[in-house]
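Look for chain A in each of the two complexes below; its partner is chain B in the first and chain C in the second.
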Partner chain A sequence: MSNIVTALFLGAGYNAALVGIGASLLGFAAGAAGTFLFLRKRALVSDAVAHATLPGVGLAFMLMVFLGGDGRNLVGLLAGSMLTAWIGLLLVEWMARRTRLAEDAAIGAVLSVFFGAGIVLLTIIQNMSQGRQAGLESFLLGSTAGMLFQDAVVIAIGGTLAVLATYVLRRPMTMVAFDAEYAAASGMNVRRIDLTMMGLVMAVTVIGLKLVGLILIVAMLIIPAVTARFWTERSDRVIWSAGIIGAVSGYVGAAISASVPAMPTGPIIVLVCAGLFLFSLFFAPSRGVAAAIIRHYRFQKRVHWRQGLLSVSRGEPIHDPMTLRVLRKEGLLRADGVATEAGRARAAKIARDERRWDIAREVHQDAGLTGRYDGLTPIEDVFTQDEIDEFDRIIGGPVSVQGQGAA
Partner chain B sequence: MMGSEFVMFSLTPLLIGIFASIACALPGNFLVLRRQALIGDAISHVVLPGIVVAFLFTGVVSAVPMLLGAAGAAVVAVVLIEAVKRLGRIEPGAAMGVVFTSLFAGGVLLLEQTDTSTVHLDVEHALMGNLESLIWFKAKGWHSLLDPAALASIPDELWRMAAVCVLMILLTAVFWRPLKISTFDEGFAQALGLPINAISFGLVIAAAIAAVAAFDAVGSIIVIAMFICPPAAARLMTNRLEVQVLWSVAFATLSAILGYVFAGYGPLWFGSANAVSAAGMIAAVSGVILGLACLFGPHRSRIGAGRDAAA
Partner chain C sequence: MITPKATPSGNVELAFDQKRPAETAQKIERSPLAVRGLTVSYGQKPAVFSVDATFEPEAMTAIIGPNGAGKSTLLKASLGVIPRLSGDVTVFGQPIELAREKIAYVPQRASVDWDFPTTVIDVVLMGLYRSVGLLGRIKGVHRARALDCLERVGMADFSSRQIGQLSGGQQQRVFLARALAQEAELYLLDEPFAGVDAATERAIINVLKGLKERRKAVVAVHHDLATVQAYFDHVFLINVRKIAEGPVADAFTADSLHATYGGRLATAHIDQLNIADSGV
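Let's look at the complex of A and B:
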């Protein structure tokens, strides 16, 4: 445990600190950029983009060896991967727009075919004399063991640029994500903005190849955004919360991976992120599962409360255990099931409101007001005191309720 | 190429490739039409944790527990996706992305934590499969097909894959009408009293069975590619489901044969002695077929636009 704490404060050595900073930068960029993808409901396009990087890596390696250079130059490999990822992206776009195939089929086709082609290239490279130590497989799952300072610099610069681009483009991208038609009507080039958004995603993917690998970078793009969405209803806050969630996952994941043996960085980062997601799924206010259960219980209570009091006002016995429990707890019912003074007063009020609603429906024919009758909304919330007085005049004076047995 | 060497080295991988492709393409037709194409992608990712867990329980790399583990993981993933979708009110694509990447990460982590140095179990194998190694050692030539002793040494994968392929054909034939109706008009299917949720879940389970069986033999790339590419290409060839399914089977078979031949013999034509990944090549060929269908398929355009070209 103390190892993790040391690592969290960048004390686990130079390489580990480098990886930690790189991972949090990458996490921030991926979280923020992925938010637009999620809001646009195209989260899985990132999967196609990520898989489409593989043939580019292979081609770049072969080209660099062919030109007599070192095939493992990271910048060269990333440039190659960016090229094929872009081609894959355009193909997804083209297929979904030009043919009758849906976008999900286009995504699946591009990701599997490009990945297959990438694997073919990797086997060719393995057979090349320079290819034996290429280690290109590390791009599948990422590898931080031999991360060089310049790799970290590439990640840092790329991540910063991606975050800056997200910041600059956040308004048009938000608009397209929420209402593409409106954006088009107000003169925006939706297709170009979409492609820019995808370009951003692609940039993050390429930067993340070295660190978490092409399969798990998808998680870094999707999970933070989904997690952040639980906590807020405002798009700008979702963007930056997703960035922070990504950064925290990256940082903590890298620290755990540096301090515990046999903990690969990429999967750990993703699992930390998945842990945050699970926590949010259950415990986020208003959108979380726990909040939904509490809301449901409160609603149930109000229904039972009202039905119970209506029974009291009509002098009917109550049998439902939950109704009894709710009313007893509020002191409206005695232990033997007889209404207390307060209970009878409440019941009279409920019964009278019910009568008021009946009158209201006769007086006001418009459904706008009386349509709000759901049995739980207090009549005072819908009508003014004057109107209620008018209803009371029509009904006549209050009649006392004598509790159980007498109406 | 047609002699005893072919029977020994290429016949079984080729047949396994064909069976795997057809077994995946059949449910793929319905998945593509229902816009659930990516469920195949999700399933093939979660197969890894399933296999690792199965290995942890049994301690051996043997087919049956691994298949069970993978199938279990596929079911867990489908249930989790549905749960995340409903509990969190998240759109299906994102829910899928969250679930399968997390499970995959878990699988990789478990794999790293486990001592698998003595057994052949790694991520690359899971992705790329091992089609080339499924050799029929005792085959001496075509006559070995009639020799019981030689037949007994055919790799188990072949029988398993053939059985799953037959199962998929049977399932498609038996449930043809409910599948077709519920795919095209869910409301109508419901009005007829068809259990649409059960059909939908059954389809995903069938896809999972095909994926898991194929995965064992050929790796997950072929699985994803075959779920989507042949049916998608077939979709662009016709407007009739019957014809589409036949096209998809034809495309799947063609991809498997061409892919295997290109991978095994293609490098020889370029003067290289080493074969390339057959699984990757089969996926690539299916992509080329889909690309051609996108460019020239008679029914490639959206409603109406492509009819003239077809006539």
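Let's look at the complex of A and C:
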């Protein structure tokens, strides 16, 4: 445990600190850029793009070896991966637009074909006599072992550029994600904005190859956005919260993997991120599962409360166990099922409010006010006391529970 | 006599009346949205075929036709939201690409995901993106303008609500407010009254009539034949091809409705509309 604490404070050595900073920058860029994929409901395109990087890595390696290098220059490999990723992306776009294939089918086709081609290339490379081929397969799941300073610099610069681009382009991308038809009608080039968004995602993917690997980078693009969505209802806040969630996951994940021997960095980062997601899924204030359950229970309780009191006012017996429980708990019903004094007063008020609502609907036929009648919202929240007095005047008859009404 | 099978009706009109071209050109020059020979096709089956439309300035026009008749397609293709197979679109005589800011579009409410994380005022601010600039800063003046548009549709109190919390009618009003923010010359609405409450329908029609009073043009895809005469000055009847176009009194006739809807509209229903007898 103390190892992790040390690592969290950049004390686990030069290389680990480098990885930690790189991972948090990557996490921020991936979370922010990935938010638009999520908002545009095209999360899986990034999976196709990520898998399409692999043949590029192989081809770039071969080319560099052919030109006399050792083939492991990171910038060269990333440039190659970017090329085939872009081709894969354009293929998905083209198939979805020009053929009868739906986008998910196009994604499946491109993803598997490109990945297969990449694996074939890696196998050929392993049997090549030239070059130092060891380590190329680390692009599948990422590896921080032997990360060089210049690799960290590449990640840092690339990540910063991706975040800046996200910031600059956030508004057009949000517009297209929310309402592409309107954006097109306003003269925006929706296709170009979509491609720009995918280009950003591709850049993040390529930058993340070394750290997280192509199989898991999708998690870094999508999970932070989904997690952030639980906490806010505003798209700009989703973007930056997703960035922060990604950064924290990257940093903590890197620290854990640095402090425990033989722990893979990428998968740990993804698991940390998934932990934040699970926490949000259950405990987010309004969109979380727990909040939804509580909300539903409270609603159910109010329905039973009203229904039970209506039964009391009509002198009908109550059998529903939940209704009995709710009313007994509030002291409106005795243990033997007979209404208490307070219960009878409440029941009278409920019954009268129902009659008031009937009148209200007649008087305010066209107002939006009566639309708020759900039997649960207190009438005092919708109408003023004067208006309620007016309803009572129309109802006429004995106002038997005077004084209880305001309770 | 004309053989309608051989020539599309548009050409026939021009070929048989030499005065028409000059007149038509003048009308196109004045029209906030004129479409010539618009064809849109999904696959081989045209959704809109060879349609000419010259919408009136400073008037309210209803686009009417049965389901699948290409009403929405006509609007979307004119705006370039979906690709045109052929057809010229002009705005006051200019190609539409040069005059986009003169048109405000209100898409169908169902076309977006209302669970999207955004607030009412942010949606309206989208209508200002031309004056803000895609990359510019949103300033106090922009917010004030957006709030003013929300006020006009009676939604100012909801400005910071998440859009998913609104009722259908409120959502439609927010969309209208976004279009108002554009301060356009022509307002194109796709089924603005679909699934909204009576109060919203009244609020929307009042705003639209207010636009007409300010000498703006309004074109709306409309499906409720009973309110056409009360709401609109002009109609455009379409069923893949154009059926009729003109002032309500001239074009909204039992004949043209039969031609548009075929057997789908009972004669009894048309009688109820109490429209001018076409004299047949």
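Assume the second predicted complex is superposed on the first by the 362 of 407 C-alpha atoms of A that agree within 3 Å, B and C clash if a C-alpha of one lies under 4 Å from a C-alpha of the other, contacts with A are read in each partner's own complex, and residues count from 1 in each chain.
Criterion: contacts are C-beta pairs under 8 Å (C-beta built on N, C-alpha and C of every residue); 3 or more make two chains touch, one makes a residue touch a chain.
If you're wondering where the values come from, they're calculated on a predicted model, not measured in any experiment.
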Chain B versus chain C as contact partner of A:V120, first or second or both or neither: first
Chain B versus chain C as contact partner of A:S249, first or second or both or neither: neither
First, second, both or neither for A:A274, with chain B first and chain C second: first
Touching partner for A:S311 - first (chain B), second (chain C), both, neither: neither
Touching partner for A:S143 - first (chain B), second (chain C), both, neither: neither
Superposed model, chain A: greater residue contact from chain B or chain C: B
First, second, both or neither for A:T232, with chain B first and chain C second: second
On chain A, positions contacted by chain B and by chain C: 41, 229
For the chain C and chain A complex, residues of the former touching the latter: 76, 79-81, 97, 100-101, 103, 105, 107, 111-113, 116-119, 122-123, 126, 129-130, 134-135, 162, 164, 167, 178, 182, 188, 197-199
Chain B to chain A touching residues, read off their complex: 32, 35-38, 40-41, 45, 84, 87-91, 93-98, 101-102, 104-106, 108-109, 112-113, 123-124, 127-128, 221-222, 224-225, 227-229, 231-232, 235-236, 263, 267, 272, 274-277, 279-284, 286-287, 290, 294, 297, 299-303
Interface residues, chain A side, partner chain C - complex: 39, 41, 168-169, 171-172, 174-175, 177-179, 181-182, 184-187, 229, 232-235, 237-238, 366-368, 371
In the complex with chain B, residue positions of chain A that touch it: 38, 41-44, 46-47, 95, 98-102, 104-105, 107-109, 111-120, 122-124, 127, 137, 140-141, 215-216, 218-219, 222-223, 225-226, 229-230, 262-264, 266-268, 270-271, 274, 277, 281, 287, 289
